[in-house]
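Letters A, B, C, D, E and F mark the chains in the order given here, with residues in each chain numbered from 1 onward.
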């Protein structure tokens, strides 16, 4: 678990910078997914838990919720990118899918 | 996510990282689920034993959360695929 | 609450896989404990903070809260295990006490 | 938690890991406590100084949280011991 | 934060760690912002498309959050500087 | 807010213990800052988002909020330190400014 410390192993092929980028991307997607699950659960699933299955209304709500969350993700990403570009290079802001 | 730019050694390393993360994610989901269902279902502390009503609630909560996560995961994958296709069209 | 079951085979030196398992178990228990502290604080302790000590009612509530949280933990674990077994090997789901 | 399956070298390594985690946990508890007591006690922003009423609240909040954590920790240890005994009886 | 007690090799290492953390913090801020603005602005799930009202809300939410963070950061730096001066006076 | 006090003696190469302390201090400050941003946003910024700029009331509130959060941080730190000293050596509790 030592993502920190930049232990650069003298392995021939593995590029640790590229590796780190990939791990960061994975962490990012996991984080977004967990927030998406939690947000849409709060928005769509009744906390009374009277039955074990998603009912029709909840299922439809979840589908729309995911679509809207992606749209918000895109809008926020574009906004951050435009702010980043205005602030200078903005190289770090090209990360929304 | 697209790891095709990585070389074979890097992809092998990435597989191990992903496998480890999946275990961590599962454990995190587990404790998150316990917390969520406990908070929603348990509000009576006049007894230390789970009532049958609370137990039913916890079981339904767990079931529903798993189905919810599965559904979100399926939609997430579709949206991701759409977004990647849209991005490839641009280049 | 041995979350990560499975006795390990005796090895010679430091086995990094076994080490990693132990660290994950430690992380898991810490995570559960922190959620337990937070949940029972929300359930039992009044946020008015009129005095520095737990009163009798709060103390009794905390004891019952911890017991119930463990029961919920057990029920959820059994449920995940049965889902895991139904889904196939269920190797990853052998983790509740 | 039972680390008796680990060999001595692994147990020594584990001790270092645990020690480091305890420091991290303490720091996390500290900032969590600041956030919790600030959120519960401070609701008046017509002044930038803590009122004496807010200060008393923060002190009580800190005291109570520590006593709460201690009590939960004691019950947690008991429950864990029970769970381990139950598990050993099974085998 | 004062890293002047570190030797040059340690300071170089620390710079790399800080740089990496800044990236992680940025990504965490990004997903946190998406979650916050989604939760505040989106409450109607009779349609899957963002309404223009929701979109305006999301844009304002993002703008405001960035300005908020910047302001908090400026005050944080001032308070930190004050705390460090107070500490140096003591020794 | 030098949470981890104690000036260290100048050493030769990279001292991994000292390095770890510095990383922990950095993590701590990041954590405090994120909680500060979130708390003061909840306290001061209206979630209606009718305009993109902080209004006068929000800006003044934020400034006071940060100042109060620092005071609370100091009080809690002093309290933990006194508890730590009473409990014995208190070595681990020497971390608030």
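Definition applied: contacts are C-beta pairs under 8 Å (C-beta built on N, C-alpha and C of every residue); 3 or more make two chains touch, one makes a residue touch a chain.
Just so it is clear, the structure is predicted and the values come from calculations on it, not from any experiment.
In summary, the chains found to touch both subunit A and subunit C are B. Of the pairs listed in D-F, C-D or B-C, the one whose interface repeats that of A-B, with over half of its contact pairs matching by residue number, is C-D. Inter-chain spacing, taken between the CA centroids of subunit A and subunit E, is 17 Å. With centres defined as mean CA coordinates, subunit D is found 26 Å away from subunit B.
Inter-chain centre distance (subunit A to subunit D, centres taken as mean C-alpha positions): 29 Å.
Here the spacing of subunit C and subunit E, counted between their Cα centres, is 31 Å.
Across the assembly, subunit D contributes 28, 37, 41, 58-59, 63 as residues in contact with two or more other chains. For subunit A, residues that reach two or more other chains under the stated contact definition are 4-5, 44, 63, 67. Only residues 1-2, 7-8, 10-15, 18-19, 22-23, 25-27, 29-30, 33-34, 36-37, 40-41, 44-45, 47-54, 58-59, 62-63, 66-67, 70, 97 of subunit F touch subunit E when the two sit together in their complex. On the subunit F side of its complex with subunit D, the touching residues are 3, 20, 24, 27-28, 31-32, 35, 38-39, 42-44, 60-61, 63-65, 67-69, 71-73, 75-77, 79-80, 83, 92, 95. Across the complex, subunit F is touched by residues 1-3, 5-7, 9-10, 13-14, 17-18, 21, 25, 28, 36-37, 40-41, 56-61, 63-65, 67-69, 71-73, 75-76, 79-80, 83-84, 86-87 of subunit E. Of all residues in subunit D, only 20, 23-24, 26-28, 30-35, 37-39, 41-43, 45-50, 54-55, 58-59, 62-63, 66 touch subunit F in the complex they form.
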